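First chain A sits with chain B, and in the next complex the same chain sits with chain C.
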Partner chain A sequence: MILTRLRGDPGETPGGVGSGDYARNTRKLAAALFVALVLVGVFQAITPGVFRHYFVDVVMTRSLLFGVAAASIVFLSAFGGMISLAQTLMYGVCAFTVGNAVTTGGSKGLNLGWNPWVGVALGIGVTTALGFVMGLIASRSSGLYYLMITLAYGVIGFYFFGQVTVLSGFGGVNQVRAPAFIGEPTDATNPERLFFTVLVVSVVVYLLLRYVSRTPFGLALQGVRDDPVRMNSLGFNVAMHRTWAFTLAAFIASLGGVLYVWEQRAISPTTISLVGILNLLIMAIIGGVLVLEGAWLGAFIYIALENYVRNVVFLNNWIEEARFRTLAGAIVLVLVLACPDGVVGLRKVRGAVTLSLIGAAVWGTVGGLQEGDRGAIAGVIVGAVAGIGAAGLVGWLAGHRDTARGVWSRLLATGRPGQVPARN
Partner chain B sequence: MRTVRKNSTWLRLSVAAMALALLAAACASDTGAEDADAALSAAQSARGEASTALADAAAAAAAADAALAAAEAAQAAADLAQATAEGNEAAVAAAEQALAEAQSAAEDARSQAAAAEQEAAQAREAAAAAEAQAAEAAAAPPPEPPPPPPPAAAEPTTSIKLAILSDCEGAFGAFHDRDIAGVVTAFAEHAGATVNDRTAPQAGFSNASINGVAIELVGIGCADDTAEAALRETRRLMEDIGAEIMIGPLSGDESIAVANYAKDHPHQTFVNGTSGAQDSTMAVRAPNFFRFNGDGAQWNAGLGDIAHNVLGWETAAVIGDDYSFAWTSTAGFIAEFCAAGGDVISRVYPPLNTTDYSGFVEQLPGVDEVDGYFWAVGGAGLVPALNAFEDAKGEIVGQQHMGNLFWGIPDVFRAIGPRVEGSYSGGFGNAPDLQTDKAAEFRAIINSHFDEIPFGGAPAPADAAYFDAFFMNYYNNAWGLIEGLKAIGADLSGGHEPLWEAISNVTLDAAFGEISLDSNRTAIQDQYVGRIYIDDAGEMQSSTVAFVPQVDQTFGGTFTGDPPPSRDFPPCEVRDLPWIGNATPVVDGVLQN
Partner chain C sequence: MTTVMTGAVNVLLGRRGRHVPWQRAATRLLITAAIVFVLVWIIFLAGNTSNGPAVSAPSDFLKSILNALTISGLYFIVASGFTLVFGLMRTVQMAHGSLFLLAGYFALEYQLDFVGVTATPDRNQVAWADWWLPLVIGVVVVSGLGLFIQQVFLRWNQGQDLRQALITIAISIVLGDQMIQHFGGVAEPITFTHEIHGYVEFIGIRYGIHQFFVIGMALGVGGFLWLLLKKTRTGMVIRAGVDDTPMVQALGINVQKVFAVAFVLGSALAGLGGVIAGSSVTSLSPGVDGQWLLHSLVVVIIGGMGSLGGAAAGSLLYGVVTAFAPAYLPTDYAYYSIIATFVILALVLAMRPYGLFGRPA
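Take a look at the complex of A and B:
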């Protein structure tokens, strides 16, 4: 009940995802984000040293490429109503295929030594085909059962690549070459080229998924999401719509896999283990599983915190390296309680925009003063989430329209329905 | 309307505050530029450097193109030769054409490279001029001129940034503090460092210096025995924090990933932590990855001989984790047991971190179908695996089982109970019960620098680390690095190659025998076999019973790295191993030679 009240937003118009002020605003946000990213990348390329290389080369690049993979989850969830846990497997399958095809020896796997582009084509082809088959099998289930089937795919994939030592084994495939235009990791310009490649792919994926959502197929898919029985009776083939959506998501995830293996130059089964599956899901949830942009935002928040968790001021005295997941878990918890649509849905929570900006400014400033730029980045993220949480809490308290005493009595009465005051 | 205006005010305020935050960050990170002149000259020289770097990069790229084209030409020539040999006329014509094309491409690329090189030279001149100008501009008005920007390589090294990578999570997370303590102790003992906290190794060390060059511990990485995490942490330590040298990682698959990373980053140096996969050095062969400890196979030297010639096993079954370290570990046992004349009739490899081993032990032959079992199940898996074995096959008898280093860990064999009394365990390159001066000295060194070294997050006496080869291997690896740095006066100004050369030539007079490096930069090291017994107080203990001197990674010529150890490599073959029948017995910690 609390959550429904928090989600009330005067600006929201009916019509679900992809329409109304809410959608327009997030779209503006996404456009601004992409422009900012392009600027950061260009800036770094022409004036080395202004931004910390690592921030662009690793944090941003990884955020964008995991964003591509997470976008496949968000696409299925937002437009098809399917929560898939198989997307990590999909990018893994593609990465392993590329790895086996292009490595030339001194590594586990087939070491076929093919041209990197042949590897890419093969990886995307194999993954998309696999996506079709798996989508077909899973297409007649929904909800929890869909979740379980796709989870089973993921776990099978992990053990498959771990056990089949011809293809990988648990040690993984190393020394995977990227095409010549990205170059070797010893090239000074390699990280920037990779960054721009990942950025371009991200934009293309975003535009493609938006386009698809407006095609007759995309509209029918949203119909399937909202009422499969009615769509079926109208003559739409529900199972095939789900299958094709899953296939498209597999294709998108495979792009993420290609980028991952270019960036990491290695892939091992632990990357697609249960932990990897959950990581991708957490990215999607933090960003918001109902809006495409959320995928990249969530990935950025996750990856940035993973890298800068040691620089979160106020918390770094008791959060050490090993406790990163504790922090990520706390953030997910705050968002699920205060802002279930993820960070991109913060406009739906009254006051969340303001409070998160204040939180980000304060925490970011203190972080910047104490820990430098790493502390500022970490502070902005944690402060923003704290602001959203605070807005959720304030909204919940204010929702009672009580005096302070009334709020306290209500807080104390929580869990004892008989004593809840009548005034609400 | 009103709401919108109110919101936008807030928005503006918040944006202003954000800008403040960024400004603060910029201030915090930018402490160098204090006055306008210095800033100006810095900016000018930075611009000059940037253009030089860009031109250099262009030249390098062109040179790379030329090399590529040349390689293509060579390939085309090879094709031509092959086609001629095969007498295929069409192929000959095609190959000839390809050769001509590749040659002209190579020519083009070469001329481009030359042009780019020229451009780079011009840019360098321009940069030098800009630098001079900047220095002049800065020097003229104020009485104290700011120091001119340092030329790229000639500046002598004043400090070296060091990072440690270990596991704080996963199967070996409990050893995190001991791993770090190993490195800290080595720097305290051999590089004059001060231990920052005698009960908390993670506090690191300070004031380490070699030949006046400060060694700074800039970061401690936290992985979880997966290649993914090891690589992520390595990148953070090397690329974000900017470490130049890293000590680590801990486990097999991690070290393969790190060695591959090392290969791609030839301007950095990596020294292993305690990982023991064969591939990391023998297959990957990164010129900048060093390992002052043996691999899993070396550590098992002496076991196969004992199994066949002392316990009288004719047949054996092998069970180990399904990853690089355990494959290496079982490879050592299999190679030696078969060399001595035994036969391995079953090999079972459950995935790492399996919790229910019943399905896997079921695949092993029964207790009356095989003479003995060799266990290379590690970490937290061994006790559940043995319990599953008892449920499926019947009682465990000490004489019928032996294991690798995990079998010899007191916590593990005490959990299994007295029924494994008399069983043998593989070594870890250490023998804590050895009665030698050097062993005693090593023990004293640990206790002189630490009061407590936590284990598994809980306080534990520092002395306990003496029995732990995780500590010892991190210590020896750090020590090897220090000796290498000493040999070059810790001067990295000419790149890291001299350091690699120096480390390759280091010989450590270590606590349990001399350690030197082979041509693949892995240790040639003395090995010890342990045996579990019950002491007078009824407590289970392990004692060293055999000694095999100076085992190298080829394991007496058995391994070449290609193929690497795997589920079915090495095959079971009789061969000659120098130490079979020649291991030195050890009684009460004294070598009997």
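Take a look at the complex of A and C:
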């Protein structure tokens, strides 16, 4: 399997982090789990009627496209040691640019009415350029400063698109056209086309980021992550490495933005509000912010919970529609407290409990969807058992359980300002 | 070909000419030019803006200054709590905005209860105690909540900066969602006690008394914090803790107690800011928490983290920008004023990556 041959994981750094077996093995597991899910989606797409359409059209499509955006967060944190909260803004900027360029009227925005592909090119270009500028401004900061500066970017961007009615206003841009081959959302056969598009983009993004992490630039970036002072002394320009990494992440996020606007056919500032910023971060955290594949897995878990948790009757009575965010917040809290490496880095005991809870939730909801209450209860039991089994598998595969935790603590420890030497 | 590509990569990554004094000089020149241009624009040009040039409309200019001071005062109250917690404990309190909003909501509910109405009361109905008592209740509630958050979630993660930030983010998500459920989505203001209402006239323009009250409160908070930090033993320990926590611990001082005190103080300042801002410049509604988290972030990024003087300078600069941008941008472009926030952030970070008064930790 190709995934097992790819190297360059953050665990393989000198300085007592360890052999990297853990990261590699959990990655294998995460990838296998997710590929299985994607295969279910593909299977459904080519043989309609076995699973519900909804699973592919909404859940898988959205998981993959948010996975692309979340991957840009994971890339920055895993290889650059930077936690960026501006990635939601980046895909928002791209979606707004596409929206303004391609709408023909009847909507807010410039309504330029250009060809969808021109809009896409413009959106990606604008976002990448903005990413360069923003990355440059933040490039001499690191750790918590970086987190705060990028969060400020994100919230400023939200107010920008809310207030500037020429471009959007709080209502947002609607009726965005997608290229002809994706078709209209009303056409029953078309969602699969979007699904396959998103799938292809996801794979390309994944391979691209893996490739970049092994280029000289990627290796130097990991050096910057681990010891900016030493890298600076060795003659590497720390700030420019951060800047270009941020630019690349903006480019990746802009791809997510294009897919998002094709899926939703609309974009509004609400999407990139603080809520949206935190949603994307939640996905990255659930997946474990140090493992690239975790981005898609985290996005899937989040989207699946969001869509299916209401189908479980006893949960639905407890959580009304809007209270889903409380549940999401609680899950993040539990994850960060119990297993800071996300679901791909679960620790043995607490990890098994968490994973079985998640498994119970996902399977229970899917079961509830398909079979009603009885299915839900059966699903919860199956999910819990499967979760414990999977955690055992992780432990068995991992061997070096502390490896990934070591990386995480390193990231946390470097989260202090002052690691970066002031230039000149 | 390879050579060309390698050369290009080297240029892009800045591997050549790392020490370029002219870049720094150019940045300085550019920033100075920008400041001069803004001043000249405000004082002499400023055509087609809502205020007009300061030389021809001095009263509008004064009013903008008063507005700037008011909003700066509020920024300072809120951000000083944020920077205090960060400076001492390296904890980014992402739930700071949630505590701000929660205190406002508590004060609002109790005010409505005390006055005996269900919607915003007429200001003449609001007696002295109908504003001050809810203020105290709001501040006490969020101080308690802050203490709870610190003791239960943050204390045992001390030193793991990023993890603490993620924990407080998760808490802010839960708090924000629960506030929507309990307090609804309708924007509601808190009403000042009737003594604070009213206006004074000066050169034909009316200035709200409440603005002077807010400025006074901010000065009071600043004075209190200065006295606390510089003149008391607790403050001395806090300052020592900012510089070197392990050393303070080694000297036999109970650092955990100091951390708890600082966190409670920070939360109380968020709550105080929430009640005063909710009575003066903003209504309480979902999203206000994020807005004021942004304000705190911008102030401490500009001013430098963990520094009280930095918080004051940052609040002043940011307050001036937020008050002047809409008033002195051409009216057709006034809604671009949010960009001014970004520009000021970019300018400060370009010159000082740690903020005006910040220092590498």
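Here is the rule we use: the second predicted complex is superposed on the first by the 310 of 424 C-alpha atoms of A that agree within 3 Å, B and C clash if a C-alpha of one lies under 4 Å from a C-alpha of the other, contacts with A are read in each partner's own complex, and residues count from 1 in each chain.
We adopt the following convention: a residue touches a chain if its C-beta (ideal position, glycine included) is under 8 Å from a C-beta of that chain, and two chains touch if they have at least 3 such contacts.
Owing to the predicted nature of the structure, the values given are computational and were not obtained by experimental measurement.
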- prompt: Of the partners chain B and chain C, which touch A:M148 in the superposed model: first, second, both, neither?
  reply: second
Query: For A:Q163, is the partner it touches chain B (first), chain C (second), both, or none of the two (neither)?
result: both
Query: Thinking of the overlay built on chain A, is A:Q264 touched by chain B (first), by chain C (second), by both, or by neither?
result: first
Task: Figure out whether A:Q175 sits in contact with chain B (first) or chain C (second), or with both, or with neither.
output: first
Query: Which holds for A:L219: it touches chain B only (first), chain C only (second), both, or neither?
result: neither
Message: Once chain A of both complexes is superposed, is A:V118 in touch with chain B (first), chain C (second), both, or neither?
response: neither
Intersection of chain A interface sets (partners chain B, chain C): 159, 163, 165, 273, 320, 322
Task: Write out the stretch or stretches of chain A touching chain B in their complex.
output: 47-49, 52-54, 57-58, 106, 159, 162-163, 165, 169-172, 174-175, 180, 183-189, 264-266, 268, 270-271, 273, 276, 306-307, 320-322, 353-354, 357-358, 360-362, 364-365, 367-376, 379-380
Query: Considering the complex alone, what residue numbers of chain B touch chain A?
result: 7, 10-11, 14-15, 17-18, 20-22, 24-29, 46, 50, 53, 56-57, 60-61, 64, 68, 168-169, 173, 220-222, 226-229, 231-232, 235-236, 239-240, 252-253, 256-257, 260, 263-266, 277, 279, 283-285, 322-324, 351-352, 566-567
Chain C contact footprint on chain A (complex, rising order): 83, 137-138, 140-141, 143-145, 147-149, 151-153, 155-156, 159-160, 163-165, 217, 220, 235-237, 239-241, 244, 273-275, 278, 281-282, 285, 320, 322-323, 325-326, 328-330, 332-333, 336-337, 340, 409, 411-413, 415-418, 420, 422-424
Task: Would you pull the chain C residues touching chain A in the complex into a rising list?
output: 9, 12-15, 18-19, 21, 24, 86, 90, 92, 153, 160-163, 165-167, 169-174, 176-178, 180-181, 287, 289-291, 293-294, 297-298, 300-301, 305, 335-339, 341-342, 345-346, 349-350, 353-354, 360-361
